[in-house]
Amino acid sequence: MKFSESRLRVRYAETDQMGIVYHANYYVWFEVARADLLRSLGMTYKDMEQQGIIMPVIETRCRYKLPAMYDDALTIRAAVKELSYAKMAFSYTVVRDTDGSVLAEGETYHAFTNNNKKPLSLKKAMPSLYELFQGCIMEA
Amino acid sequence: MKFSESRLRVRYAETDQMGIVYHANYYVWFEVARADLLRSLGMTYKDMEQQGIIMPVIETRCRYKLPAMYDDALTIRAAVKELSYAKMAFSYTVVRDTDGSVLAEGETYHAFTNNNKKPLSLKKAMPSLYELFQGCIMEA
Amino acid sequence: MKFSESRLRVRYAETDQMGIVYHANYYVWFEVARADLLRSLGMTYKDMEQQGIIMPVIETRCRYKLPAMYDDALTIRAAVKELSYAKMAFSYTVVRDTDGSVLAEGETYHAFTNNNKKPLSLKKAMPSLYELFQGCIMEA
Amino acid sequence: MKFSESRLRVRYAETDQMGIVYHANYYVWFEVARADLLRSLGMTYKDMEQQGIIMPVIETRCRYKLPAMYDDALTIRAAVKELSYAKMAFSYTVVRDTDGSVLAEGETYHAFTNNNKKPLSLKKAMPSLYELFQGCIMEA
């Protein structure tokens, strides 16, 4: 498993008066895709939080190539881009299903912390998940 | 003090491809107005939560008369509509500043609970706030 | 066909610091369910808009019974509640998949207008869709 | 005038179950700040759109340093970072009012297009605005 794929359909609420999807909403799709990537590894982010491992976002980036429109069927691909004991990065590609066009590409960077927002080492806190993430890193 | 007034400006993010504000966003403005009503009473909802009094929403209603548009300057009026030991209701009016038109009217209903989502009596938990709310009830 | 069912999973973005889904987001799910109801009738709201039939929201209501939580798998049921030449209403039920609990119930009311926000008669503008809607009205 | 300042207060809707502001919402604040920067130059983005100059977002970036919390009073500073005939970039700083802490920094990149999404030169389409933007460019 090198990446996950999440399918979603653009909501009216996600559009703006330009007639396209408002740019901030792509980050919500990235979140959906990240959760599905975890799920495909046999873990859920919900479980991680309940076990006291939080992944606050420390950086986000997105490049918009073609606009997503209301009711578009999209696939969001997510992969692990970087991994260390203290943090990790995911990369995402937003693809339009009808023609395979890449609409956007982005990355999110996350720290690993406990419930009190103190940094922790994922390798120590959850070695099996750390291994799984390592197996997912995309080669450029 | 019978009602509070909150001034805000419509964000691009709040519009949709119909070229008007997406209907769900009015409820976010109601939340802003509700917080300002509390603030005008010398209390903040943040403090209430920190003192263990939560006000989960149990019902919402809104009637849309004229569309709010991007960059409109609006005033949201909030008042206390109903109050009992266990719950309360606020009413809201969304007014367009340029001409005083009423764009929407709505209500939200809230229970009083503690941090564990157990019902509590506001009159017992915070009698002074209960009194203040009572003084704000709008006569129809 | 009396009602449609839409399946979705709660997004982290939809939660708030109370640890539950923020109340305004239920209306976005209603929108998803309404679009799926149309789709199940062989029509899409996107097509309706492109054919010059707009359905602006004129009233919304929701009653919240149990909180939806992050990552919950939900089914949103949508049905036609009322229909006239000039407007219509949909009703919705939010069900938690794990145990079938009803989390919320609500309604949205819509006018029929053309692209210039002038009222129109759906029966005249799109008689076949009007018939289909009529066949969907739920008996109480 | 080298930069603008926008004051806002964190909404409950903007928080998530981590108890902090959801990361995507910072981009909405950037939009508010960008609109205020334009306003401080004697122009509104609304007017620009009505005159047929659209500024679709082509890239966004944000680095999160400290979390914004519910009810925080914030100042968003916006400045022009880069400008060419075909596109421009804004930079933003999110500051917490109580102690002046920088919570986040980011950038957004925009193309200039007409109503039909065709590229245009801002210098040709609106030379006076182009000049004003040039006067705002921040030296690093």
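As written, the chains take the letters A, B, C and D, and residue 1 is the first residue of each chain.
Methods note: a residue touches a chain if its C-beta (ideal position, glycine included) is under 8 Å from a C-beta of that chain, and two chains touch if they have at least 3 such contacts.
These numbers come from a predicted model, not from an experiment.
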{"item": "Identity of the chain that, by mean CA position, is farthest from chain C", "value": "D"}
{"item": "B-D against B-C, pair bridged by the larger set of C-beta contacts", "value": "B-C"}
{"item": "Chain C and chain D, separation of their C-alpha mean positions in angstrom", "value": "34"}
{"item": "Whole-Å separation of chain centres (CA-atom averages), chain B against chain D", "value": "28"}
{"item": "Centre-to-centre distance between chain C and chain B (centres being mean Cα positions), rounded to whole Å", "value": "24"}
{"item": "Multi-chain contact residues (two or more partners), chain C", "value": "12-13, 18, 20, 24, 28, 31, 70"}
{"item": "Residues on chain A engaged by chain D in the complex (per definition of touch)", "value": "18, 20, 23-25, 27-28, 31, 54, 56-64, 67, 108, 117"}
{"item": "Parts of chain D lying in touch with chain B, wherever the complex brings them together", "value": "9, 11-13, 28, 31-32, 35, 44-46, 70-71"}
{"item": "In the complex with chain A, residue positions of chain B that touch it", "value": "12-13, 15-20, 22, 24, 70"}
